[in-house]
Amino acid sequence: MAQTTPTAPVGETPAGPPLPAPRSARFGGLRRIWAAIREARGVPRFMLWTGAVISALFVILALFGPLIAPYGFDTYQSGGTRFPKQGAPDGDHWFGTTVQSLDVLSRTVYGARTALEVMVLAVVFSLVIGVLLGLLSGYFGGWLDRILVLVMDALFAFPYLLLAIVAGFVFAGIAGGSIITAALSITVVYIPQYFRVVRASALSAREATFVEAARAMGAKPSVVIRKYLFGNVIQSVPVITTMNAADAIATLAGLGFLGLGIQPTDAAEWGYDLSRAIDDVNAGMWWTCLYPGLAMIIAILGFTLLGEGLNDVLNPTMRRRRISKVLLPAHTRRRTVDATEGTAAE
Amino acid sequence: MSNTSKQSGSLRRYVLTRIALAVPMVLILLVLVFVMMRVAPGDPISASQGGKLNAAELAARRHAAGFDAPLYQQFWDYLKSVATLNFGTTFSDRRSVRDIIVENGGATLTLTAGALVFAAVIGIPVGLLAGRYRDRAVDVTSRLFSTVSYAAPVFVTAPLLMLAFGSTSGQASPLVQLNVPTQTHILILDAALAGDWDAVGDITQHLILPSVSLGLLVVGVFIRMIRINLIQSLQGDYIEAARARGVKERHVVARHGFRNALVPVITVLGLQVAMLLGGAVLTEQIFNWPGIGRQLIDYINQRDYVAVQGIVTVFALVVVVISMLIDFVNALIDPRVRY
Amino acid sequence: MSTVTEPMNRTADPVLSVRDLRVWYGTERGPVRAVDGVSFDVRPGETLGLVGESGCGKSTLGRGVLGLTPAAAAVDGDVRLNSKGGAGRNLTELSDREIQQLRGPELGLIFQEPMTRLNPLMRISQHFEEALHTHHKGLPKKEVKARALEALRGMGIPESRYENYPHEFSGGMRQRIMIALALVLRPAFIVADEPTTALDVLVEAQIIRILADLRKNFDTSLVLITHNLGIVAEACDRVAVMYAGHIVEQGDARTVFADPQHPYTKELLRSTISLSTTGLHFIPGSPPDLVQPPEGCRFHPRCPVAMVGCATVEPPEVTLPSGVRSTCWQQAVEVDPSLADELGTGGREPLAAVKEISVADEA
Amino acid sequence: MSLLVNAESNDRHLSKGIHWMSRNKRVVAAAAVAFLAVGASACGGKKDNSSAGGGKGAVIVGTIDSVSSLDPAGAYDYGSWEVIDSVYQKVMHFPTGGTTPEPDAAKSCAFTDPKTYACTLQPGLVFSNGDKLTAASVKFSFDRMVGIAAPNGPSSLLGSLESTEAKGTDQVVFHLKQADSTFPSVLATDAGAIVDEKTFPKDKLLDGSKIVGSGPYTLDKYTAKQQASFLASKTYKGPAKLNNGQFVLQYFSEASALKQAVKDGTVNAAFRTLSPTDTADLKKTSGIQVLDGTGTEKRYLVFDAKVKPADQKAVRQAVAQVIDREGIAKDAYDGTVAPLYSMVGNGIQGHTEAFKDKYGTPDKAKAAAILKAAGITAPVDLAYAWTPSHYGAAAADEATAIKRQLEATGLFKVKLSSTEWQQYQKDEKSDTYASYMIGWFPDLPDADNDVSPFLSKQPFLGTGYDNKQVQDLLVKEQGTDDPKVRDQAFADIQKIVADDAPIIPLWQGKQTVVIRDGVTGADKALDPTMFRFYELGTK
């Protein structure tokens, strides 16, 4: 990643308002985001931070799952004694046990781990592919653009869960239900979103005079894309990313629920646990369904709040000057001097 | 009215161009679906007979069923089936996808409509209030509600609802299903046509839980979109202008704010139908709802990709058509669109 | 000196008389003193030009009078509307409901940007119907249409376009429609907020003529907000020059232009291109931050003739024999040397040095 | 044009002062009212559906099976056969509770020689549409079945049928390719269903649901994947005694939904297939009974003798020695399955407890000894494959249970691998798995049908097990219909299999039917060969 090399036409170009100053081409966007976050107030601030905290907790839970969870996700006995089958919550198993006599608490914790892995993979995949395609399409245009747009729109036209299901069904057949597979099936759903956003702003940036200038100066496309478009685009991405992160959790669970997700013996997955729990619910066993369900909702909630908050903060049309009531100090009447009589009057 | 002919003309022109634009999209969709289904492994025969027959027998049957025909051949057949609106015949139980749509579409339609009604009844007023009284209590609570409802997947809310309100599964009690003569394949309509009001009651009772679970999926988006658009339209210049003409505040909000907020809202809400169709798959599965979504899952499990292909195609086409209709509606509401 | 308007202006008492009007916005950084103690009068059929750099509070003043300031703003002072409907009430003390009823029939506002001021989803007819229905309950439909068409005709909009949508009109036409919308209710007093800045020169002339004719046809008083001194000279009886939330000079347009008193007015006039001026002159520095306006005279950091005292003591408003009122120590001390003491010892030394620095800061 | 008129009129409204919002309000209000009304009428609806149970004397049975074909030539799955069996008649049938076929449409049948089976039809048989059922109909049905050989059809069951011959109106002679003692049983399956030659096309499957048979019921109303309603046939002449005038099959997508339906009383009975949890819960529910009967589904642990370490007999034996069938039945299936100690199913003629006799109760000491004797050092690394997408959710539990049992002995380290069903079949045949999970649903209640597919010269599983002695025994038992000879052959086969342990039988499914109080005859209906809907009745 070469910083501004003297050959790069950065210096000459007037720092157009929509663009970060050349030097911060790559971090300017982020810096602006951070500034916006810091000056957030009121509801957006609340959503932003609540979301952030919940998401953080979720991540911690996932990362340190093995330390937090009392047992492994497939542990069914300890010290030779087998766990109760569908045992109600008690001292040893705070969240009870499942039909496979697994500890619900541990399953839930490890579920977070799985969710995080898939989430990160899915988001990264779709981010990389989507942004890349979007930039190329928006920057170069032409037939490449036309074809990509058509395909993406077509993908976009699919009901997204349906798309994920079909993709899951395809991938699962090819590679079996691994974490990667799940992530891929979800990725397919999100690529079009990134593509659209990125392409749009790439298009607008492309018309901008300074980019024209840069190209006129013979800047390599790669340089222009990296320094201008990317810096420009970076801002719209965080919102979508967090929103998708939330979505990814739900979609993964949806796949798992339909048995198209990760293989149950490979990892703990909330959707699968829920599908198994449906029977228990009808049999009045609430704990196997409640805790994974709750965990999922909270996790999704966290990321959604984060995304919403970011959106409020970053989206200018949603930004709003804080109302602070003004108290006018007592009036001091302006003194007047009337030259028509030529005497000063208070 | 000198402008009458002009406007209708422009509207007609708009509709035609819009349709023309949809054609390549449809073609791409078809290719996508076809490719996906061919990448998908397995076939109905080894799925259903795999445990029973030896390899040679299986191969013979696969050949007999034409699963080893060359791709261009298969694609051509697929295109023909779409062109004839027949969408192919399922392998596992030899139903034409058209029949599936006709027989099970009614159920999905009922469910989706129910969900939309619920989402609209809750979402529109709340969204408007939230947008009008921004950052007040009503706004904050509604936003939290919308976020939660958005965060809770169908298969979490559904069981909980079942638990809470006593579960009802299927679109009606078997006897009701048995005794209502089939005319429109929309059970509730058939019951009404037959004048069997107990049946209608039974059907509606079964309809509530599924619609609510599915509706909760989109009500959040409803609220959010309506709110945002109202806020934005209330910031419009013509709002201040109207105030400057001394227009009553409630007219300013209603006539200028709400109405202008409506245009983008309709678009987004229309897109939600796609989301509903997706969610319907899960909902139908959970509530044993005999809709298209449930058929889809069945056929996926049977690896009947002729069926899956057909159903997915129909879903996709429906979405394309809907988005087209939305544009037409917008063209009606917003004169600018026509030009 | 025009003879037509003079006597009328002098005799009739003002339709609108504003005293010590203040409009402050609340922000993160504290209150913005957009309008900070402004007084002026507008007489029937009179056109008052309100000039000043952008951001000096012109538009806020206009909206402040009509009570269209945002929720975050605080307004006080005395705004008397002596028209039939106004009945000498103080507008700043009216309820939202009361002021809303005055807007339209008594107070009109014409906007800077005509393109976005009409509701794109409503036909022109509907705009008029709405306006008329609001203020004349139960006006028969025929009557409504008749009056609307009359107003449009006045603005040179053909009847055939009555049912059209806003987007079917050009910018100039829209502005004329906006004006027609304001006039159709025959308000006694109209604020025109830079009505021509968004339009090209030809259209501008057109609009200005229309506005100038107002008072002939309807005897409407007009406050014409602009930064274009040419327009003022052309269309206004009197002019008020605003700087940083204050009116620094006001009086008969011709008198002020012929012999500007306040240094800012002088600078302003010099900086406008005319055949006489050679090369472009500009006022160094930039308008002050209205959250912490400069002590003393707000113009002193940029004032070429500022005195040391200007930086600390606020100047009085001097009414000169010509009737022109200027808020500047220069005139004040001329008129009444005794006031000089207030500037303190050495208060009359030029502030040049200080100015250099402040200018340096700005650069 | 009309569009425009609308727009116009709208605007007229607007100008009259009826504004969008007020219109919108009205819409919303209307919708709200509608929704409330829905709610209200729903409460009204409740009464009537609780009474659904008994209504109109119809017995409503819920199931999660699905029908793939209403035409016998295309039907080769339990869901379809539930329908076929009720609508069509067969030359032979299995009497309730029995596994030896008896005449049904036939008056009498017998082997005239090992390769010829001759039947005489009952006089005066007619199809539900009035057409006569003659020897020609029977010949037509079998020729058609074999001729069409539908990809999803059961024609493979008639593999040994050379040709069918109609003599006169009531004589049917079946010529076989080779001696096949199981042929009478085959005739009793629904592969032998007799169809009306005037209704069914000769060379293709019948479309639609207008099917005609001579069975106990006629298909009255059919909605695919939702409902099938059967009315007692007025023309039926056969052994079955009907206890109901009408029964309804209600199709469910999810076991949980089915369970809820039987709990709510919207169905009178639930057959195939509730989850162990549901069954356990229903047992506790008042007003509901859960009946168990022997099922036909079996689950085998199959070794591939071509893959290490399964190629070593000692390893296979050691596994057989420690595997705890009771444990699997309890842990994975809540006792909804029964331990199985032989490839030949419980209750099938010729069944022996071969594995129990050889290995007794699970014993890790013996197992260790076996390995030691063969000079194998424990722990042995053994890969076990299973598929999540064909044997239901509990398959996961079974796989885990097996892993746990084997590892608990300290003699094995088990690596579980799960593969999607499609791939699974390929891998298993291509000797990829050392050991794997296979389920078996026999077509006939005949020992031969439980063993020959796995042990014959070309087994359709990758077992890598090729035992001449066993293959000879199979030929022998297939060559005769003398019970004593066959039983002996099967006894020997089971003994050898238990010793070589190429395949370890684990469990045999129980069929479970859940009925609400007032439903009669469920015990008789619950027959291993086929569920007898006609036995059901309501008090």
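By written order: A, B, C and D. Residues from 1 in each chain.
Definition applied: a residue touches a chain if its C-beta (ideal position, glycine included) is under 8 Å from a C-beta of that chain, and two chains touch if they have at least 3 such contacts.
Values in this document were obtained by computation on a predicted structure and should not be read as measured data.
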item	value
Chains contacting each of chain C and chain D, listed by label	A, B
Leading chain pair when contacts are tallied as C-beta pairs	B-D
Whole-Å gap separating chain B and chain C, where each centre is the average of the chain's CA atoms	55
Rounded Å distance, chain A centre to chain C centre (Cα mean)	49
Inter-centroid spacing, chain D versus chain B (mean Cα positions, whole Å)	36
Set of chain B residues in contact with two or more other chains	41-42, 162, 167, 251, 255, 259, 285-286, 297
Interface hub residues of chain D, defined as touching at least two other chains	14, 254, 256, 260, 389, 420, 422-423
Residues of chain A engaged with two or more neighbouring chains	173, 275, 278, 281-282
Chain A residues touching chain C - in the complex, by the definition given at the top	39, 321-328, 331-340, 342-344
Residues of chain B touching chain A in the complex	24-25, 28-29, 32, 36, 39-42, 134-135, 139-140, 143, 147-148, 150-153, 155-156, 159-160, 162-163, 167, 224, 228, 231-232, 235, 274-279, 281-282, 285-286, 296-297, 300, 308, 312, 315-316, 319-320, 323
Interface residues, chain C side, partner chain B - complex	66, 68, 96, 100-105, 107-109, 111, 113, 116-122, 130-131, 134-135, 160, 163-165, 167, 178, 181-182, 185
Touching residues on chain C, where the partner in the complex is chain A	20, 22, 24-28, 31, 37, 39, 71-74, 76-77, 314, 316-321, 327, 331-332, 335-336, 338-339
Residue numbers on chain B that touch chain C, as the complex places them	1-3, 236-238, 240-249, 251, 255-256, 259-260, 263, 333-336, 339
